[in-house]
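One chain, chain A, links the two complexes that follow: it is found with chain B in the first and with chain C in the second.
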Partner chain A sequence: MNTETIISIENLTKQFPEGDGFFTALKDINLTFKKGEFTGVVGPSGSGKTTLLNIIGSLDKPTSGKVNVLGLDIGNLSHKESANLRNKHIGFIFQVYNLLPVYTVFENVEFALLLQSYTKSERKKMVMESLEWVGLGDQASKRVTKLSGGEGQRVAIARAMVKRPQIVIADEPTANLDAANAHAILKTMKKLNQELNTTFLFSTHDEKVMTYLDRIIHLRDGKLESEEFISHENDKV
Partner chain B sequence: MKLAFQLAYKNLIGAGLKTWLNVAILAFTFLLIIFYNGFIDGWNRQALVEAEKWEYGEGQLLNENYDPRDPFTIKDGYGKLPSEEAQHMTPILLRQGSIYPDGRMFPIMIKGIEINQDVLAFPADKLVNSDESIPILIGKRLAKSTNLEVGDQVLMRWRDKNGTFDAANVTVVEVFKSDVASIDAGQIYMSLDKLYEITGLQDVATMYIGGEGYVSHDVEGWVAKDKEELSSGLTAIINTKKASGSILYILLLAIALLAIFDTQVLSIFRRQKEIGTYISLGMTRIQVVKLFTVEGGMYSLLAAIVAIIVGVPLFWYVSKVGISMPSASQSTGVTIADVIHPYFSLSLIVTTLILVIASATIVSYMPSRKIAKMDPVNALKGKIQ
Partner chain C sequence: MIKFLLNGILRDKSRSVLPVIIVSIGVMLTVLLSGYMAGVFGDVVTQSAKFDTGHVKIMSKAYAENIDQLPNDLALLGINEVIAPLQEAYPDMDWVKRIKFGGLLDVLDEEGESKGQGPVTGMSFEIYSGNDSELKRMNFEDALVEGSIPAAKNEALLGVKFADQLGLKLGDEMTFIGSTMNGSMAFTVFKLVGTVRFGTAVMDEGAMIIDVADAQHLLDMENGTSEILGYLDNDVYDEEATLEISKVFNARYADSKDEFAPIMIPLKKQGELEELITLADSMSALLIAIFIFAMSIVLWNTGLLAGLRRYKEFGIRLSLGETKGHIYKTFIGEAILIGIIGSIIGTIIGLIGIYYLQEVGIDISSMMDQIDAGFMMPSVMRGKVTPNLFYIGFIPGLFAMVLGNMLSGMGIYKRQTASLMKELEV
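Our next item is the complex of A and B:
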């Protein structure tokens, strides 16, 4: 595994206005993530998992502290710079897939590339390659509304991976899936992590996910409770 | 921008019936605005052509003592125009009088016209070929209000140049049909020479009407009125009609725009997750605002396409066949043809297109601005903001 640090978090605190005061979602978090990690942030509801990933994904900004992603200080990015970071380097996978319902499978995956300057033939090649990764190469022209939950999430993975991002952020990706589909999805992501050396960051409290993770970060009440590194030396997906 | 159009098109087509309902009402608005304005423009054009043919000519010279709005000036409002100035013009002499159809007194204006003039459209040849002692022409409106027909005789009373009353029977030799009410109701036409003969006047006229080749210019003792000035009253009436009628299509346009506005508000409310997804995929908020604005604006583009498909054959047919006007409209005093042929000019169509597309884009932009202030995290959660 490459040991290059691509995310560093120093003294991160995030507060949200609540009534006359503030609710502290994250408090004094210090973390680093290296390239190619397959890491899960776990903890009960309200522990700050999603908030942490949203800040790393530049969808949100820290209240204090410093979050550096791929050399960029998230707290100081403009809207345009944040959008550019997400567009080129970060892929998102959501719990409810967040696919665009009026588009086909192909168009959903292609969407991320439309915002970049790829030619039509380049886009087609990349989309089909991405769909092959997740085993949906033969469903490209299907409407996403016709897909099953597992297929929908695989389209979401293909969409996240199509631009070859350095980081993929997955917020509870298996929460809406049955066990079989959850394992299939996780195997797909693990495979992509190993083959493309993409960093995967999960927020989860699904036990199934934990078995695939290399590193687990435990959050409780917005604080870093513990972290553990798991060796999968002999594992092969 | 190309991307915004591509995505907006897909989103609209994907939205199905909701899109087509908005498009249908906008297309109907398009058609109504173009039809109404085309109808008024057609009426205006026909009315001006008719007024030119029957009343204005290429311009007029009015004796300086004659004021068309003051009947007391008719008596002395005449004069003789130097012959070099009277080229390309035909004289008309006005006198007041009364006729007595069925024993009822009916005040009239007696107009003397040259029997060989070709400036105005009156069938003056009927006066030439008549054997009657005093042949007259009347319009269909006067004929209707007096129950006079061709061949009828009626007693006419008038004053000669000294103010002495005189009377004689006149014979209707023709009832002409003109759309210009102002030259018809309460007016009879006779040979200018005959009018000179019965009034004792000679070689004078109240006004001169310019024919082909006449260029409006001032002459001492006479007031020149060009075509624009003469038609300004008619144009003002038509424009007033246009303005009052426009309330209808402004209302319809407002309903159509409200539908788009509502759709946009509802879209932004219901599609928060989608907006969050766009942002997470790397669109800037401004790009998302643009996408939603283009989506709203595209309703009008689709509506324009539908309106063209429906409107081109429909309007072509209507402008060819024309629209019959009810007979009651002929007695309003305003120049209205029996059949109005709407005139759909390119400028009318382009102006309407720009008006509707610009309005739809503006009402789409207004709610879309909210997106710029949205928190993408809450949007992804679908939280109402």
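Our next item is the complex of A and C:
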């Protein structure tokens, strides 16, 4: 595995206005993430998981401290630079699949590429390759409203992966799936993580997810409580 | 990206159908009303030019000042000296004499006793005394209900309703009683040779039409006329040209203190036509402004509803790395596309409607008695298909759609990306 550090967080604090004062969502967090990690951020509701992933995903900015993602200081990025970072290097997978219902499977996955300067044939090749990764190569022309929950989440994974991002942020990706589909999805993501060396960051409560993680970061009340590294040397998906 | 947006519009009916319907209706109404007004105002101008004003009218200054009274005692004399230089300067124009006069028409029975009388508006044209330009211009052949066009001295036409009211038949004789330009009594017996219908109340219900030579003789107006009308080449009105010709002509007599010196007045400056033409232009502009305003409000609300319905879609697109500015631009791009589609549909329907109104029209003859317009009005109000109708609807159609969506789309800029994860969880 490439051990290059792609995310570094130093003394991250995030506060939100609340009444006359502030609510501290994250306090003095220090973390680094290396390329190819399969990491989960766990903790009870209000522990700061989503806020942390929001900042790493360039959807929010730190109140203080420094967050560096792929060499870019998140706190100093403009709206356009943040969008560009997400567009090219970060994929998102949500709890609900958040597909665009009027479009086909192919069009939903292709959309992420339309914002970049790929030719039509390049886009087609990338989309089909991405759909093959998640086992939906034969469903490309189907409307997403005709898909099952598991298939919908696979399309969401294909959409996140189609631009070959360096980081994928997944917010409770298995929360709406049954056990069989959840395992299938996690295996797919783990396979992509191993084959493409993409860094996956999860926010999760799900025990099933944790069995696949290489590293678990525990947050409580906005503070880093603990972290554990799990070896899966003999696992092969 | 354009194909992606087009697919979204075509497949998501709620995104396209309602706005297209609203735009189509607004554009259709704009086209219909603009075409109808163009037809009505155009007809009024054309009718006035043919019957009354010409494209330019020459009178004595004194006559012009009292024109409402038809003061033939102030008519122009020595008119050949006025017309000849004009024919030389403007060889493509047609210069014709017209005399209007009023009096009483007395109808005699078989024994020569008066069986009925009525006030009459006399109108004279160059029917047999000039070339055939007036015959073509006034379209006497088509206006003729029965009989023939005067071809000899003291032959007259009457408005068809007027002849009915007086109980006159073709070949009957009638005596015109009035006064000459010098104030003497004028009596002449005319023979009714035909009845006419022009579709205007003034002509059909109270007019006697004779040749201008007969009128000159009747009114003791040899080598004189109350009005000389000028018509541009092919009778096609050109406002700029008439203003220029009048300016040049009037400059020649500007210093004259003679109240009988001629003065040329262009069509636009006669009667209430200037107000009418200005009104027509203002009404068109007002109409477009009203439709833009009304449709913008409706489309703003439609856009707000669409924005709410597509809240999640915009969130997904933001998370995928699309900028707010790009989402806003595509939102406006969709509005332009829908505006164009709605404008095309509305324009086609509007043009079909206005073509129908052009061919059939709305008959207002029953209301004509109550209208005192101050200018010649046709009794059938018709629309007119004009070149500007092919694009005029696009102004409110596109502008309102884009403006409505620009306002409603402002919400995109208020979106906080920090809330996206939470918002997209549900």
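Here is the rule we go by: the second predicted complex is superposed on the first by the 237 of 237 C-alpha atoms of A that agree within 3 Å, B and C clash if a C-alpha of one lies under 4 Å from a C-alpha of the other, contacts with A are read in each partner's own complex, and residues count from 1 in each chain.
Note that in this section contacts are C-beta pairs under 8 Å (C-beta built on N, C-alpha and C of every residue); 3 or more make two chains touch, one makes a residue touch a chain.
Note that the structure is a prediction, hence the values are computed from the model and not measured.
In the model built by aligning both structures on chain A, chain B clashes with chain C. Looking at the shared chain after the overlay, A:53 reaches chain C, while chain B stays out of its contact range.
Contacts of A:179 after superposition: neither chain B nor chain C is touched. In the superposition on chain A, A:103 makes contact with both chain B and chain C.
Counted by residues of chain A touched, the larger count belongs to C, out of chain B and chain C. In the superposition on chain A, contact is made by A:84 with both chain B and chain C. Judged by the document's definition of touching, chain A residues 54, 57, 59-60, 79-80, 83-84, 86-88, 92, 94, 96, 98, 100, 102-103, 107, 111-112, 114-115, 159 lie at the interface with chain B and also at the interface with chain C. Remark: chain A residues 50, 53-54, 57, 59-60, 79-80, 82-88, 90, 92, 94-96, 98, 100, 102-103, 107, 110-112, 114-115, 159, 171-172 touch chain C in the complex. Residues of chain B that touch chain A in their complex: 3, 6-7, 10-11, 13-15, 273-274, 276-277, 279-287, 375-377, 380. Remark: chain A residues 54, 57, 59-60, 79-80, 83-84, 86-88, 92, 94, 96, 98, 100-103, 107, 111-112, 114-115, 159 touch chain B in the complex. Residues 1, 4, 7-8, 11-12, 312-313, 315-326, 417-418, 420-422, 424-426 of chain C are the ones that touch chain A when the two sit in their complex.
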